[in-house]
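As written, the chains take the letters A, B, C and D, and residue 1 is the first residue of each chain.
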Amino acid sequence: MQAASTWDWTPGKKTILEDATACSSEYEWMQESVASPDGESLAAIVKLGDEEFTMCVNGEPWENVFEKAWNPKYSPDGRLTAIVMTDMAWTVAIEAEAWEETYDFVWNTSFSENGEIVAASIQSEGRYGWNVDGTPWDELFENANNFVLSKDGSATAAAVQVKSLAQADIAGFQSGIFSVAVGGVAWDSIFMNCWTPAFDATASKVATAIRTSLYDYSVAVDGKAWPASFACVWEPAFNPATGEVVAPVRHQGAWGMAQDGKILWKPAFFQCWRPAFSDDGKILAAIVAPEYGKFTVAVNGRPWEAMFPVVTDLVMSPDGATIAAQSSEDNVNFRIMVNGKVWNGTYDMAFGPVVGPGGNVACRVEKAGKQAILLNGKAYPESFDQAFDPIFSPDGGKVLIRGVAGGKYQRIVAEAGAFKG
Amino acid sequence: MSTIADRRIEDAGLEAGIARLTPEKIKKTIEAVLAGECGARLKTYIETCVRCGMCAKACHYYMSHKDPSYAPVGKVKQTMWEIINKKGDVTPEFIHQCAQVAYTECNLCRRCMHYCPLGIDTAYIMSVVRRICHKLGVTPQYIQDTAHSHSATMNQMWVKDDEWIDTLFWQEDEARDEMPNLRIPLDKEGADFMYSVIAPEPKFRTQLIYQAAYIFNAAGLNWTMPSFPGWDNSNMAMFTGDSEIMARIERQHFEAAQRLRVKRIVMGECGHAFRAVYDMGNRWLGWKWHPVPVVHSIEFFWELLTSGKIKIAQKYPGPVTVHDPCNTIRGRGLMDKLREVVNMICDGIVEMHPNREHNYCCCAGGGVINCGPPFKNVRIVGNKIKAEQLKATGVKTCVAPCHNCHGGLDDIIHKFDVGMELKFLGDIIYQCMEKPEAE
Amino acid sequence: MLKKSLMLLAVAAVSLCFFGPAAFSQEDMKNVPNEVFGAPRRPAAVFPHDAHNEKAQIEDCAVCHHGGKDGKMDKEDMTAGTACVECHPVAGAPGQTSLMRAFHKQCVGCHLERKAGPVACGQCHVNK
Amino acid sequence: MNQLYDLAVGPLTWLAIGVFVIGSLYRLAAMYAMAKKKDGPYLTYMSWRFSLRSIMHWITPFGSLGWKENPALTIVTFIFHICLILVPIFLMSHIVLWDQFKGISYPALPDGAADLMSVAVILACLYFIWRRVSDPTVKFVTSCQDWTVLILVLLTFCTGFLSYHQIGSSLVMTTLHILCGEAMLIAIPFTRLSHMIFGLFTRAYIGSEFGNVRKARDW
């Protein structure tokens, strides 16, 4: 989430809504609420009547009403979107304005990092593709999934089915029917499977995990497969500095990391996935399991000492100096790990650490049904029935806390010193 | 006495598969699987089996045919022993036989483990045979197609991303006629549980989604379903021997739950899906236990009924019998809870014998029913013993909390004129519960 | 080996002159006496004393009727006339060889060594 | 013959025991190493409680479904294995040899009992042979090795029985008996008889999987 300096960063608490469930129109029900990035608004889908759905923002419903609405999301620049249906046709509504183009189905609303570009997956007459800011791909496909939007929003890609397949035609499938389409144009090369395409830093190249036969896995970059194949691969990632591509690979029963088809981290792990780079490409981290049932984070191939049954939500600061993740045991006893050190508290749930400028780490956690915000291991004294993920101020010195407590929706700007718990 | 060679069945997948094989490829592949993926378990199982034949009576195929080549040990003899004795020097035709035995004549139900004094896991040995067949590209056409679907769409039935969501909206609409404020909450972060189903539910058995949604709404539960891939908990790749795709599906399923920050995963009434999620996928992925607790519908309904969140208005009439699905009974020990649930919702149980962990398999599981029409007759005739078991109860209703079991039992009920109706727990609960809107 | 045997023979020959009479006093012996075992579980071992010794060319009593001290056998010490059980109690104790073991070692041991004479159980403990 | 007896009762005995003990230990160690290397994840589910629970049920006659459904085989199997293990260890003639050669002595089975038990083993072997010939399921899976080990046990006990009863040449019969017994010992680590070494572990593993993971009985 990109915080803007224009937001109100005056430390202190502001009650935005005395009643978070209030709406000036009478409604049958209100659904789960979403908070705007700047914390000034709280929105939720409300059902006003038969086939009458809309968004209610800070107690005021949109003027437009739709037959259906779902997937409310704020863009990073604070625009409220929802996927809506009118006359059986679907589209995306942004701040109450629906795109003119409608489709047989729309889902997967996505945003560029700065929020300026809004894109969504569409299906029109059984053909699939991306729609960016209301404009669909020129060519749609028989099927498309694994949709991905570049960080800057300038490019879209998806795994697409480029050949038709008769029912139960296993030979046809094995000869390859999938490819990757970038901006609606499919690669010439066809594979059995394409998964998890990813853009490079300049949004000009795409790498994807592929399966070329029932047992041969590899990575294709701009349609060209690595010469080497592996027993299995997971999601590839581009080195933002050099453009090299890495992907976790399985070789002789163990997982390691390959770069451009050659082994980078010796396959010695029970698991290795979610590779992440620092901006300078010098630090590569991934979630790994050095032993069976014991997970941690490996940085440039070296695992942290602290190991837990489950590790998820790996995040890294752009400079690579701060790497955080969360761990759990049987989906409880959640802990936050930062650079290999484990914070003291354990929680019933953690919602993924957030790394801020300057290497501070914040996280929303839940204990006994109450949610709280942690900064560098210490909790903000107030807890919420429902909170939203913390957002750092541009200088990293303050944390924006958003949450509903006692029915009130509050917006709190907290300085580091305020986290005492 | 016959052997597998005497009952060869033509299948497009198997024929095309063996047509591609050469002796060199077979030997190389077998050696790679045995050396690379098998260890002390397979070695001790093969070596210490004393060939006593006690396991014969465990297998419904054997009990139905009384033919030694259907006994668990007979199946091992016709496949794995031969493979090991000949060090992989076997013919393509032999691989066809291996595939037919392992995919279509063994349900991996594990009943034979209650018969082997040495604790030899025949289901595991058959899984290794399947793994070899998969690695050789010799798999029955229809189950391979579902494995392809899994790989391409992360669900078993080629359901596209939007079709899933659309189906949920449709069922939500349908159910709102009955319960106007009913919701199927999509992507609700932090819900108490994520409900996952198998792809045949949105494809063919949408009423099950309807019923589940109705029950959860009536009970006032905090639940969700993912709008993105990971919603399907079934896993046919596990049964073709494609461990890599098996694991990819399970990763997607667990990560869906993790992404939604739910406390638990509640699974619909499916057995093999439960096995994949509870016992298999997590291991291949390196998680010793499942990263998010996994609860089968049997147990979940038990919780709802015992906590009073749902109440039964009137019990389902007439005594019923209970079928124990292998993957939730032998695989998870839910036999007591299953009976408690059935007793709470039905007018008593007439037990089949044997029952509980010792119950005969439905003969559909383990991917056998998914191998499709070519093998259907063998599968049905091979479970005469189950039909007799059903008949002997004398009741008109059988509760079977598993999709595959429904498929398998339905077939034998028709073939052998058992005259019995099959019910999911959800069917009966939905039918018999106190309905808030009805008042 | 040969040297040792010659030595033994020489010793035996000399001894015979002194102790000969005592040795011949067991001419009626057909079995190893086993009464001392109380309720023996096998028939008494067949042992025609004189015929055996003649066949085996044993002339020195001490070859079998040895003496000993502190658990060490002494082949110089002739003990004919002393009941075996006096030194080899039925129930062996630390430092003492039990009677049964003494008999078995004495007989079978020698037979094995000389590669002659009965060695298997049933060859001596012949059922009636 | 004396020399053969000498060989059998001396060096060959030590060889047999050595091969049996060292061979068994080696096979156990090698199997464990292999399990750790290749079945590592599965070892982590092992549990003493569920291992013992499973073993207890299966060493109890009729304590499991398999035993219950095969009553004749169960009775014969239990008698066979109990006698097969007890007789060689507690037979007086064997203890006497331990006593004679090593000064090791411990209480022996009464002769009558031991004799009866040996007869039981022989009859059990005959039953097994009959089963292998007449039961189509068993016949279908029986191979040369099954016959070899079965005949080996039968011969050992037959010659033992004959020696005890002094039928035939005592020396010949006893020598044969010892040689058969030694062959059996040597065979244990390298044939199906290795179920004696591994059986408890395979049982314990599946008991652990069922008890620890699947929360269900495995008997």
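Following the convention adopted for this analysis, a contact is a pair of C-beta atoms (placed from the backbone, for glycine too) under 8 Å apart; a residue touches a chain by one contact, two chains touch by 3 or more.
Predicted, not measured: the structure shown is a model, and the values here were computed from it.
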item: Chain hops separating chain C from chain B, counting only touching neighbours; value: 2
item: C-D or B-D - the one linked by more C-beta pairs in contact; value: B-D
item: Taking each chain's C-alpha mean as its centre, the one farthest from chain A; value: C
item: Chain centre separation in whole Å, for chain D relative to chain C (CA means); value: 39
item: Between chain C and chain A, distance of the C-alpha-averaged centres to the nearest whole Å; value: 95
item: Between chain A and chain B, centroid-to-centroid distance (C-alpha), Å; value: 32
item: Junction residues of chain B - those touching two or more other chains; value: 37, 288
item: Residues of chain A whose C-beta touches two or more other chains; value: 270, 292-293
item: Multi-chain contact sites of chain D, meaning residues that touch two or more partners; value: 41, 44
item: Contact pairs between chains, per stated definition; value: A-B, A-D, B-D, C-D
item: Interfacial residue positions of chain B with respect to chain A in the complex; value: 12-13, 16, 36-37, 134-135, 137, 141-142, 144-145, 148, 151-154, 160-162, 165-166, 169, 180-181, 183, 185-190, 227-229, 242, 244, 247-248, 251, 258, 261, 263-264, 285-289, 291-293, 372
item: Chain D residues touching chain B - in the complex, by the definition given at the top; value: 31-32, 34-35, 37-39, 41-42, 44, 54, 58, 64-67, 69-70, 73, 77, 131, 135-143, 146, 192, 194-195, 198-199, 201-207, 210, 213-219
item: Interfacial residue positions of chain D with respect to chain C in the complex; value: 2-3, 5-6, 9-10, 92-93, 96, 99-100, 103, 105, 111, 163-166, 170-171, 173-175
item: Residues of chain A that touch chain D when the two form their complex; value: 270, 292-293
item: Chain C residues within the chain D interface of the complex; value: 41, 92, 97-98, 100-101, 104-105, 108-109, 111-112, 115-123, 126-127
